[in-house]
Each structure stands twice: as structure tokens, then as C-alpha cells.
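Quick one: this structure, given as C-alpha cells, is what I'll be asking you about.
So that you can tell them apart, the chains are marked A, B, C and D in the order they are listed, and the count of residues begins at 1 in each.
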Amino acid sequence: MPNDRILSYGDALHEALHQEMALDDSVFVLGQGVDDLKGQYGSTLDLHKEYGPDRNFDVPIAEEAITGVAIGAALAGMRPVNVHQRMDFLMVCMNQLVNMAAKYHYMSDGQVRVPMVVRASIGRSWGQGPQHSQAAYPFFMHVPGFRVLAPTTPHDAKGGLIAAIRDNNPVIFIEHRLLYANTGVVPEDPFEIELGKARILRKGKDITLVGVSYTVTDCLRAAGLLALMGIDAEVIDLLSLAPLDSETVLKSAQKTGHLVVVDNTWTLCGAGAEILARLQEDASGIKVKAARMGYAPTACPTTRCLEDAYYPGPVSVAQKAAVLMGADAGDVPTDVERTELEEFKGPF
Amino acid sequence: MPNDRILSYGDALHEALHQEMALDDSVFVLGQGVDDLKGQYGSTLDLHKEYGPDRNFDVPIAEEAITGVAIGAALAGMRPVNVHQRMDFLMVCMNQLVNMAAKYHYMSDGQVRVPMVVRASIGRSWGQGPQHSQAAYPFFMHVPGFRVLAPTTPHDAKGGLIAAIRDNNPVIFIEHRLLYANTGVVPEDPFEIELGKARILRKGKDITLVGVSYTVTDCLRAAGLLALMGIDAEVIDLLSLAPLDSETVLKSAQKTGHLVVVDNTWTLCGAGAEILARLQEDASGIKVKAARMGYAPTACPTTRCLEDAYYPGPVSVAQKAAVLMGADAGDVPTDVERTELEEFKGPF
Amino acid sequence: MAMGTSSFDVKRAYYLERTIRATEEKIAEIYFTDKVKSPVHLSVGQEAIAAGACTALGGDDVVFSNYRGHAHYIAKGGDLNSMWAELYGKANGHAGGKAGSMHLVDTKVNFMPASAIVASAVSNAVGYALALKMRGSDARVVCFHGEGAADEGVFWESLNFAALKDIPILFICENNGYAIYSKQQDRMAGKSIPERASTFGITASRADGFSAQAVYGAVSKAMAALREGAGPLMIEVNTYRWLDHVGPDDDHPGGYRPQSDLEAAQAIDDIPRLAAQMDADDVARIDAQVADELAAALAFAEAGDFPDETALGRNDYA
Amino acid sequence: MAMGTSSFDVKRAYYLERTIRATEEKIAEIYFTDKVKSPVHLSVGQEAIAAGACTALGGDDVVFSNYRGHAHYIAKGGDLNSMWAELYGKANGHAGGKAGSMHLVDTKVNFMPASAIVASAVSNAVGYALALKMRGSDARVVCFHGEGAADEGVFWESLNFAALKDIPILFICENNGYAIYSKQQDRMAGKSIPERASTFGITASRADGFSAQAVYGAVSKAMAALREGAGPLMIEVNTYRWLDHVGPDDDHPGGYRPQSDLEAAQAIDDIPRLAAQMDADDVARIDAQVADELAAALAFAEAGDFPDETALGRNDYA
């Protein structure tokens, strides 16, 4: 099989589901609209036609009960994949996630387990506003019991989803809306990525840029801008938020001496906070110069011009990095293309 | 009026409510059991007898709707105080808190506001187990729009609750179960503490210990143990989690060169993470040696012997501090009284 | 306090429905230009409900709506200019561009910020009504919601609480049969929403959502009862969404609902039915007025500036 | 698969009710010693429900319970020794002390981990039943819950989903009239829980919760129907909690409920009523057996070690 096959992120997710459903009849998909004509950005499209309406089905708008149903099915040995159109909606079912899914295995001292996947879309795109743009992953990093994955590449979308399905814990699986159309090399055979491992996407020696999901693309573009200034940035895709692979990040930061973590949410008590705290605790090396970025500390405004100020982007990341390196923010080139952002149009 | 009047934490809360209800008829209390014979550890006892059953009333076990009702009343200009017997139950109403209460003011660009207080009890006491012991305050630190207060002393319980009621934002007000019976000096006249200010409870020069709610008492006792070893600890009650007064903490840590933050929850993405991250970002002073503590990274076990290992305590805090100072953990004295913990008996 | 008109005002209803329709069609028409950079949930086909219901309200009465809120806002007497500016994301929008289409808000006309989380404003509406009751106010609260909101447990909690505390509030359930592409019967077992609601202590009835006059009649009666002290009421109105759940398109080619349903709904469209009851002169005059006002609103929006970056931090805390 | 006994077994019910009562009374008796270091929610007065219901189940049938779960666990055939050790927080408890009184769990007898969050296991029970249905299993799920669970919206969401998907499951609503100190009528408007449930597509009935025989009859019938393919069923049983919501005491002196209600409940206590149907010899023999087994369980618990610190990290992840 050729190992240079190109697939979109959405299709990679679809292939992962397709293959796992074929391999293991305990895998099923439930969620609002999963069997509709859009099939969650194509990722669940027509799976019910292949595997029957019991294994890819629409549900009432009742996130708390549906999450509970998925948990109950998992207790009985099934491997449900519960899809949410927006991560904001997880706020409706936090009780089932935090008080039930994350607790059952431990409180029964291992008698039961909850092998379920909770897929949720996050992020900006098109005026999503305050209630349709949040990515509450720090909640699930904070509470023990979860695995949290946020793949950026189509490769990791597929390998991550398969690993998530096969894992015996509740896995929060985070998909940024602007990534679905991105393409990349994806092996055809089923494969798993290793949970708990970050991925170095670009080698560099001057500064370490760490992103989460879509902000990885900001970091990559920032690295391109910084390269024009002669700054050689290493870019790390955090990928696994729980377990958190701070080792890879800290090693890189100790090497470069500079670190910027770009959260895909607010910075307070975010992944960047956790990583910088570990850096602070780490007595080993030199004192790394470190900074965090993320959403502005407000609710998300709807209008595009304020969105641009609210979200980190390639230029603001590069500027932060430049300043940290002692360079002038004003020297950072500002022309950078973000086709997926420009091309993403409503209505969604 | 004498300014050395002694009151319990529970009575201080009661006095705060009593006085605010008398002063302002837009203040009312709602919550499960607030008008029952126990009145939430005495804090709401008989308020309905004074102010009528409309202003201190029991509600159905429906946290999402009741929180929504409080929000709606706040939109209409009332100042509801919504009481929860356990913070774990906030997981049922995260949607109302995160998606509604924290958003309305900003998304309306200031046209409406949500002046409500959400009181919630947290913490260990008596085999509360995994679902009755959580303190999810990092969630509310992470999401902009909230004020988060966790008073430790009866003084701050009263002044904090009055400040919370008068504040025009949703305030998460955290009360540790083991604190209700603690006593201290509480001024009789209504007063507000300043939101966003930590409180130095003990001056010291060698190490800074920072606690949240009940872990402040762990820090104070640890300071006592450390004193026996000749280590002079400064103890800070974080008190306000949002806004977070890292300034006071960082100043102290720069002075002592050593910092231990003891969270009253898990450490990952907790208050300690945020503080250590700020310390890391802070380019000003020497490199402070810093460490975090908190709950063990599991769900909370019920049995006392595992609880003792799960929760930080005076001895483990002192040991962590000693090690950070280069001393031997084995040299920390281990006999310390925790009467409120020993005296707290079931059934609650 | 200002009350609604004491009898159904055909011209006013026609004016409102035309304004809503023209606005929504304009949004659909220009959506490809990307001037409105956010999801839009249009009410084309559902105008009669907003027009009928809101003309039965007084100015002091308070409306809670949702992401599909343009019609409610306009019918409640909202400002077309600031609404269009808001859709454009401009500083002269009523929330300076922060709210956008999904979160219309205007306290000047007692229109609360709309929520895009299904069912979640229902309990807020109940709480608002509780506060008005505690204050002894004459104003009443009306809460619009889709039939999909009844999927959520909080909906039933809210109804229960309203009934338990005998809170004067009117729930208007706009039943268009679908939540996005999902049919009501694929999400809801058992009896109808009004039948369920009545077991939660709500006095529930139905009205013809294709007729502003019918809705007006039902809502007027309900408001009168509420003002006389009645507890919570619900009116379920049947309706049909002509366009896609979100965005400007006709989604019938997608095949999840039959073209014939659209045709049936269009055959009983309220706008021509109202026009048929009016003088041709009035119709022409109102049509012209609507066109003028819409053009003015667009011009207002076009002329507005985008907010500058300092607006980002404004109103972060109260 | 193993089925329940085909007709009501008075002796078995008596044995179970006595075991539950003796266990609960022993907990109350020794609670002051602090050997059981956690909140305890006792079922004294409510034993007939667990005994009647669980004797109508087969071993493969799955039970979901809640924090007030001692009775359900014992009646489902649970191990008294490991339960007592669990209450003591010992390593030989069925969850090594991690679960304690509120979270009893024993997959050997298909007893799922009990939850202390009101109503939240109801949807888990539905999901479990869905899985059994997908697998074509003959086993069925029974979900015990208090009437207070019906306050929560998720309860109605769960019922709706079960009905929508025609999931074979039996909900047993133990209506003791109170949630902590709050009366049902102070929390719930409108119609009764079964009447509400029927509008959500659930076939709901009632049984006399003071009689194991009545409960057995109703549950047997329900289980037979479920095995023949019926969709979700509910049985509401009336009952009365003799002791405080939590802890070992009689709370009637607190005054929130009248002493006469307690007396009325005690007058129809099922234990003497069952005894009256039995030979005196059998009663004496079973009483002695219960006493022996309880003593043995206490000894087992006393003899057990507390878990060592390494247990803390065990089973953090699966």
C-alpha cells in the first residue's frame, strides 16, 4: 500500500470510524446529526448505511442523558463514540463526564470501566460568538480519569481516533473546525498513535513554539515568519493534553532557552499554565524565557475585527516570540496567508 | 461596637446574609434545603422567618434550571444567592454558569448584567468519596466573567459574602465544610473585603506557603512545624481566585526565594499551576524554587486511610517545604492536631 | 403600562411580517458577499408567529428569544438600523458587533440577549418572571423556543419550577417539526409537548402558527390571563421553516424533508393572506415603507465603523 | 439464564428484609464508634421494595441503584462480608474501601457502582439496557431511584430516550415522599410521576411498596413483559423512610414530618406481616441465620486490613 496517500482531516476521521466499526462490533456512533446529510463534516457520513441505523444514530438534544447513555453502554462493554457539534455543548453534560465517566473505574476499584470517546468540535471559523467557540479542555486536564487528545494533522486524526476508541478510558477528542478540510498523508491501514506523546513538527534551535490543535498552524506559520528574521523556531504539536507530554516540551525549551505556549482557549489555568508551571518546578537547566498566549480574557465577540484581536494568530505568535528573543515586534513580517480561515464561509 | 467579637464561619455567613437582606430587598436566597432545619450549616437558618418565604426558599433538585432562574432574576435586577450543598453539583449546571452567567454581560456589550452569588461547599470531612468532595474552582478561574472567592476566616466569610452580593458579576463563593465551625473575630457592622486581594496570614522570611480555603489551615500548621525546625514560613491565604492576586504571592516568593502552593483540588491546571506559570514568566527576580501540591491525581477514595494519603495536610506540606529548602523531610515533626478534622463526624 | 393593541391590527401585522421577510430575504441575498460574518438562522415562513405574538404585548413586557431571533426582535419593536449594524459587526450595532445575529439584545425594547444554546434561556425567562412577580410588576415575560428545546431536561425543570411557584409567564413553542435536520418524532417519544407540559402543571394550548391573527388571539388571551394572576401558560404553534436551519439556502434538495411540505406551507403563507384583507393602497404604501426602512438600515450598517480594538476589553466585567 | 423464582417466596423475602433491617440497624447502632467513616443513607422501612423487586430478577439481570443502596445490594444477592468490609473502608471490601457506603458495586452479582449524584445513574442504566439490546441479551436492567430523581431534567431525557428507542428497562421509583427534608409537593408541580412518565412514552404503574409480595408481583409481571420485548416500564412504589435522610437517627423530632406518619408506616411494616405468614420455627431459624451472618460479616470487616498507600494510585486509569 502506498504510504503517501493524501486525505482530509474529516475523511481521516471517517476512515478511522469505518475501520474500527468493521473490526469491532462494540463500536458505535451516536450524536446529534451524525446520520444527516452533512455527517459532522463528513466524518460520520453514511456510516449507518454500512453498519446499520443502530450503529450510527441521531439523538435528541439532550446531552446529559445521551452522555449517560454512552457511559452506560460502555459499562456494558460497548465502545460508544459520542459526537458533539460544538464543545460548548459539553457544558450541558459536565456532570456525566466529570462525576460519572471519570469516576466509575476508580470508585469501583477497577470492577468497571468506561471505554468511550467524546468527540467535540471547537474553535473559531465564522462569527461563532461567545457560546459556539469555546474549547474547555483544561477542565478535562484538571480532573483525573480522562484522556484528552487534540490532533492537528489528518494523520493524527485517524491514528488518534483509533487509539481513542481502543483505549479503555473516557477520551475527550477535540477537533478544530478549521482543520476538517486540511489534507495530509494518512496511512490506509488502521493504526494507533501513542497516547501521551507530543509531536515535534518542525525542528529549530532558537525558540520552542507549542500549539494545541489549530494554534499549531499558527505556530508553524509564525515559525515561517520568524525564519525570515533569522530566528529558527522549533514547533511542537502538543497533541495529547492528558496525559500531558511536558517532557518533550521541556526538553526542547531547555535546548532553545525560549518557549511560547499558544493555548486554544484562555490562558488562565490552561495547558500553557501547566507547562510553564512544570518548567518552573524543573530544577534541571537554565532559566528558560517563557510566555503564554491564548484567547483574550473575555467572552468571544462575534464581529470579525474583534475576533482577530481575540484569537492568537501567526503574526501575534511570531511577535511574542520575537520579543521574548529580544527582537523587535515591529520587525516581524505581517503578510501571511491563512487560506482555511479565509475560505471558511458561513453558514456554519 | 467592640471589634473583638468572636463568630463562627457559619454564623458569619448568616450575619452577612441577614444584613444584606435587610439593607437591600433585591437580595434573596434560594437553594436546596436553605429553609430546612439545618439551614446549610446554619448559614441560612430561619432567614425565611425574618424576610418571608419568598426570600429564602427551597428548590427542586434541578440545578440547571434553578441556576437559570437565578440568572434570570439577576438580569431583572435582583441579587440572588444560590446555595449548593456540594460543589460537585455545579457540574449539573455548568452550562448555565459558563455559557450564560459568564457571557450575558459581555455579549450584550454591557446592556445586562448578572449580579448573582453561587455558594458551594467543598472538600473532605467524612468519607465524602469521589462525587462529594470536589472543588472545581479552576474551571471558573479559566473562563472569564466570574469572580471566585474562597474565604478561610470567619472575617473574610462575612466580608467576602457581602462583597460578593454587592458585586455586579456572577461570583462563585467557595466554603470548605471543615471551616463552618471555625471561629474568629468578625466585625458586627456590614463590611466588604476587597475583591482580588490575597491575605498574608503569617509573616516569614524563608519560604512562602500559599493555600486555598481549607489548605490555608494546612499551611499555617505546616508553618508551625517548620518553625520547630527553624524555618520561618510566610503563609498566604489566596482568598480571591479570580481576580487572582498573584502579585502578593510573587512578591513574597521573590522575598523568600521558595514557594509552595497548596491547591484544594488537583494540581493540574489548578491555581498552583497558574501561579507558578506567572512566576516563570516573571523576569524580575531570582529563580524561586517552587512546588505545587494538591489532591492525588485520582478520584477521591472513601476510606479514611486513603483519604489521608489523597489530601495534602500539615505534615506533607511541611515536608514538601523542607525538601524545597534543602532540609530533610524526615526531620519534620509529625505530631500536629487537627481538631476540626477529628471532631467532624458523620452523618454529613 | 403600555398594552398591546386591543384588537388584531392587520396592517401592523402585515408591516411586521413584511419587514421580517424583507430583512431575512435581504440577508439571504447578500450572504454570499460575506458582509454578515456569522451563522444566520432565518425565520422565513415563520413570521406570523412573531408578528401575532408581539403585537399582543406591551412595551414593558419582556421577550426571551433564541439564535433564530430576528423575527422576534423586529416584532417586539426593535431598531432595524442597529440590528443590521449588529449583523454587519459594526460599532453602531446594538451590542457593538459582539452579539451578532445569534445574540440579538436590546433592553430599550425589553428584548433580552438571545442564547444559542438550545433551551438554556427558558429558565432565565422563568427567573426574570419570578423577579417581576416579587417586585409586583405588571410586566409579563414571553419566552419563545423551538420544539427542539423540549428535548432538553432543563426545559422540563423550568416548566416545573414555573408551575410550582405559580409564575406568570407565557411559553411560546414554535414547532416547525425539525431541529436542524432531525424530525420531532425521531427525537421525542410519547405525547405532544402541550400534553406533556400539562402534566408539569402548565396550562397549555395550541394555535395556528401560520396566522398572525390566530396567534395574536391566543397570545392576547394568555396575556390577559397572566395579568389577572394566572400561572404559567404555554401555546404551541405549528409552523414551517422555508429555508435551511442555518444559512441562506433552500435545503429541500437535501432530501430530508419533502418539497411538498414546503409547497403546503407556502400555500398558506400569511403575508398574502393578510394583504388580501387590506386595501391595495395600504399594501403598496406599507411595502414601500418597508423597502425604505430596509434600505435605510442597510445604509446605516454600511456607514458604521467597525469597532476598534479597545472594544475587545470593554464590558468584560460589570 | 437464571430467572427469578416463579412465585413469591415468603421465606426468602423475610430473610432478605431481616438481613437488610439487621444490617441497617447495626450500622445505626455502631455509627457513633466511627468505624464507618462516611455518610450512610439507611433504608429502614423501605426494605420490602428491594426484597420484592430483586427476588423477581435473575442473576444476569443488572441493577442500578444509588447512595441509598444497601438494601438493593443485599437483595440482589450481594456479599454481606465484602459489603461490611467496604463500609469499614477495608482492603477486603468489594472496592477496597474506595467506594464506601454510597457507591456499593459488585459486578459478580451485576450490581453497578451506585452514584451519589441524584438521578445521574438513570441514563447510565438506559445505556446499559441499550447495549444489552444491541447484543441480543436476555438480561434486563432495573433502575432504582427516588422520587427526588424526577426533579432533575436528565431523568425525563432518559425516559424519553428509553421510550424513543424502545429499550427494555424497568424503572422502580421509590417514592418516600421526601428528598432530604423537602416534601415532594414542595418540589413537584402538576401530575404524579407515573402520569408524567406516560406522556414520555413509558408504561407506568404503581405498586404497594410496603409489601414485598405486591412489589414482587408487579416486578415479575414487568420483567416477563420486558423479556417478551416490551419497551420501558416504570413502577412507582410508595414507601416511608423511618430514619433521617442520612445518618443513624430518627429525625421526626426535627419536626419537618409528623410522628404519626412514622407510626402509620410502622403499623404496616412488612417484616412482621411476612413473619405472620410463616411457621414460627422458620422465623426463628431465619432470625438466627441472619444474626449469624451479620456477626460473621462484622467479624470479616473487623479482621480486614486497611488498604495501604499503594492502593491510592491503583485503578486510576483502565
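Structure notes:
Following the convention adopted for this analysis, a contact is a pair of C-beta atoms (placed from the backbone, for glycine too) under 8 Å apart; a residue touches a chain by one contact, two chains touch by 3 or more.
Everything quoted here is computed from the prediction, not taken from an experiment.
The chains in contact with subunit C and with subunit D alike are A, B. Separating the centre of subunit B from that of subunit C, both taken as means of CA atoms, is a distance of 41 Å. Computed centre separation for the pair subunit A/subunit C is 36 angstrom, with centres defined by C-alpha atoms. Chain centres here are Cα averages; for subunit A and subunit B they lie 31 Å apart. For subunit B, the set of residues touching two or more other chains reads 59-60, 62, 64-65, 88, 91-92, 95, 99, 106-107, 129-131, 144-145, 297-299, 301-302. Among the residues of subunit C, those touching two or more other chains are numbered 96, 98-99, 103, 115, 117, 151-154, 157, 160-161, 164, 186-188, 316. Taken as a graph of touching chains, this assembly is complete, with every chain in contact with every other.
Interface residues of subunit B, counted against subunit D in their complex, comprise 32-33, 36-38, 58-62, 64-65, 88-89, 91-92, 126-132, 296-299, 301-306, 309-310, 345-348. Those residues of subunit B that touch subunit C in the complex are listed here as 28, 54, 59-60, 62, 64-78, 80, 95-96, 99-100, 104-115, 144-145, 147, 168-169.
Those residues of subunit C whose C-beta lies close enough to touch subunit B in the complex are 62, 94-96, 98-99, 103, 105-107, 112-113, 115, 117, 120-132, 134-135, 153-154, 157-158, 160-161, 164, 314-318. Of all residues in subunit C, only 31, 34, 36-40, 89-90, 93, 96-103, 115-119, 148-149, 151-153, 179-182, 186-188, 244, 246-249, 254-256, 306-307, 309, 311-313, 316 touch subunit A in the complex they form.
Across the complex, subunit C is touched by residues 151-157, 160-161, 163-164, 186-191, 195-196, 198-202 of subunit D.
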